[in-house]
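Right after this note come the structures.
Shared between the two complexes below is chain A, which has chain B as its partner in the first and chain C in the second.
Moving on to the complex of A and B:
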């Protein structure tokens, strides 16, 4: 088995960078730990769940999708490049890696999204088994596990009480990465630590079933009273993928941008007439839950929530999708009695 | 009786006597603190208050879904009380029923006049922690280039989720400037240009109105030190106009009013 010392992740990052990878890793950034592009000297911290998911390295917050030059009344398309550098993302949480399945589906549904597919092809995901979970983690409620391998090309397993890491490749991309790691990883023996215990907090299938018959339920209003109407939950979510198309132009050139957007904001569904089919946070929260637990499952056969718990950690209104699902599950049980 | 027990008893009394139909307070969700909206006097036991309660609940007084459940009484630590004063002075709040609380004192049920008197008597010297002033001094000692680099790095984290705006009781515009999209005034791309514009606009719109409660910074999932911007502007307002927001429910807006004694040195 291939192993390395747990405090030698920077050496692994350096070896991969030398082999031509853009390396992304959980780095200390002020009071936060953030998934960020690694540079020599950056401190890797695999303790806490990073504040951001890995999605921004595959689906950036903003990106150019078309370019034009303007002259008088004429405009003509200009060539542009979609950056898709060879990338290794280290110590990816299993909940983030498993989000790839949902995003692969949506970006290859009727239309094949070239920027997404180009970056996916160029990216190697190295997961990290979670040996600790906090009260917001709920991967096991949505079909995941702290040691799940879905979406990962290689996996790091903490071993010998956190002193070592076992690096296992899970496919061709992983093999290439292990080869590029060179002498940083060595043949050795280590005993893998037990994965974290994550209790099941609600029944996701039952939530979907309840949703199907309760579009007009007053419960939506009750559970969403605390919602302040921002996009914090969607933007830290590993699976949320909505975007807005914006043109930004000067007199001589124009770019078409794809910017992150979210159903939590009122403008998301506001019609030009002034009518808004989702006029309040109750209808926006209904959409959030329905999309992840009902519509996405109907269309693609998988949930669009991986239980990372970030939304519950950062919500400025103290909300959490796990809590909302739990309340739905409880309401359903109360009716069933 | 223990402080929180008295607060709960008062909340239950307000609800059962019909003086309030809703109490907005804090509850615990594990390690987190979340808002609690309680209408049933039998359920007031879920109310908690401690130092972890950082959210500014005054933000809910203007939320339509909350208002229809009112009239509401609100659990208010001093920071929230000051926001109530700002909302009253800006004619956003005509009256209020306030369960005035602090980490080591409970002041009972007050109206707006009572809150104004309490703030003046007990909380006239509210100020952010010394560390924040130290941080700001460090920032002000930088060269303009260094300072620009600092903020460029901070704003680079911004995803434009607008949690800062959502968490602020003073940000109550029905349609924010960043949502004016015919034409699009501010770039919505979470990139340097639009992020700078957003943060500067947000801070400027708080001039003379920000009570330095810290809710925006606490709300920011990216850890952007928004209080440094807020404090910069508050210090300027204090220096130029001698005003401190959130004490006088009849205060005139600093930026929207004129007094014969106002500093005029900037008119050349």
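Moving on to the complex of A and C:
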């Protein structure tokens, strides 16, 4: 087996950077750990779950989808860059890697999204088995596991009580990455540590079943009362993909930008007439839960929640989708009794 | 490079017509023949497009002209925000961006030999106009055609020239109405809300299908009247008009339940709508 010392991840990053990869890794960023582009000297920390998911490296917060030069009332389409650099993302949490399946569906179910597909093709995901979980983690409630390999091209398994890492390739992209790592990884022996224990917190199927018959339930209002409508939950979510398209211009140039957006914001569905199909946080939370647990499953056959728990960690109102699902599950059980 | 999904065609404004206060119709010609050919290969009545002005953005409107007229497309819009104001400021001969057609269409090939009742309110006549002209351009293939059109006031009625033309045809029955108080001294049409006038003037429902487009409040009160008149849920068609950005089933804005209005719609039967969460529309 291929192994490396757990404190040698920076060497791995350096070897991959030397081999032409843009390297993204969990880096210390003030008091937080954030998935960021690695540069020599940056401190990799695989302890806590990073505050952001990896989606921004494949689906940027904002990107140009059309460009025009302007002259008076005339305009002309102009070429522009859609960068898709060869990228290695290190120590990706299994919940983030498994989110790729959901985004692959959205960006390809009918129309193919060139930027997404180009970046997916250019990116190698190296997962990290979680050996610790916090109270917000709930991957096991949504079909995941702390050592799941779905979506990953290679996986790092902590071993020998966290001193070592076993690097295992899971396909052609992973093999190329292991080859590029060169002497940083070596043949060796190590005993993989046990994956984290993540308790199941609710029954995802039962949540979908309850939702189907309770579109107008007063529970939506109750569970959404803490929501400030800030959208932070969507921006840190590995599967949330809703976006806006806006033009930005100077006197001589205009770009059409695709920007992250979210159903949690009041303007999201507001019509020009003033009519808003989702006029309050209750209807927006209903959309958030049902999109992830009912509609997405109906349309694409998979859940659009991977149990990373970030929305719960970040919410300034103390809300969490896992908690909402748990309350729904309990409401369902109370009715069943 | 370009991003294929958001690549636009260049359109030239060849005519502009004011329909009602703040409501304007553009006739647009494709600047490039391959764009025109690609468009008409796909275009069927009911589909929509995204019309834009670089620097202001894109807006979603139906294509208001029928596929039987392949030299141009038309769109009718009300000035309400940044993009529609920029579109309205464009002058004859100037260009706008366009992408489409998107969405599903009215299955008019299955309507041959049947009577058609069109019911529209206000600015919702444009999405129906392409269907009306498509049917009238192939008039012999269909049975009786009735058009019921209402607006708040006489000034708010769009396509006044075409209303006069339809009203003058012997093979079309046109009923126009304005809301009480919206009439002028010389108004010769009906006075009353669309659902009420529908109940008084509707043709028999046997072998007839209905197409309804209008503001949510009009749709809400018109559908029960159609049911009462004996129209089956599979014979009543309408369009949903949710906010859209991408048009290609990705941005998540137009969703009603698991339905993407931009791909699965915008045309739905009453039968389909019955199974959708109506409070999300």
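General observations
Convention: the second predicted complex is superposed on the first by the 337 of 337 C-alpha atoms of A that agree within 3 Å, B and C clash if a C-alpha of one lies under 4 Å from a C-alpha of the other, contacts with A are read in each partner's own complex, and residues count from 1 in each chain.
As a working rule, a residue touches a chain if its C-beta (ideal position, glycine included) is under 8 Å from a C-beta of that chain, and two chains touch if they have at least 3 such contacts.
Note that the structure is predicted; figures quoted are calculated from it, not measured.
Touch criterion met: A:318 reaches chain B, while chain C stays clear of it.
Contact with chain C, but none with chain B, is seen for A:81 once the two complexes are overlaid on the shared chain. By the touch criterion stated above, A:192 is placed in contact with neither chain B nor chain C.
Of the two partner chains, neither chain B nor chain C is touched by A:19. Of the two partner chains placed around the shared chain by superposition, neither chain B nor chain C is touched by A:170. In the superposition on chain A, A:246 contacts both chain B and chain C. Counting contacts as defined above, chain A residues 244, 246 meet chain B in one complex and chain C in the other. Residues of chain A that touch chain C in their complex: 65-66, 68, 70, 73-75, 77, 79-82, 106-107, 109-115, 215-216, 241-247, 249, 254, 256, 258, 261, 263, 268-273, 275, 277-278, 283, 287, 290-291, 294-296, 298-299. By the touch criterion given at the top, residues 29-35, 37, 55, 59-60, 63-66, 157, 159-163, 165-167, 179, 181, 184, 187-191, 215, 218-219, 221-223 of chain B touch chain A in their complex. Those residues of chain A lying in contact with chain B across their complex are 29-32, 34, 51-52, 61-62, 135-136, 221, 224-226, 228-232, 234-236, 244, 246, 248, 257, 259-260, 262, 265-267, 280-282, 312, 314, 316-320, 323. Touching chain A in their complex are the following residues of chain C: 1-8, 10, 52-58, 78, 80-81, 84, 90-91, 94-95, 97, 215-216, 241-243, 245-246, 248-253, 255-258, 263, 277, 279-281.
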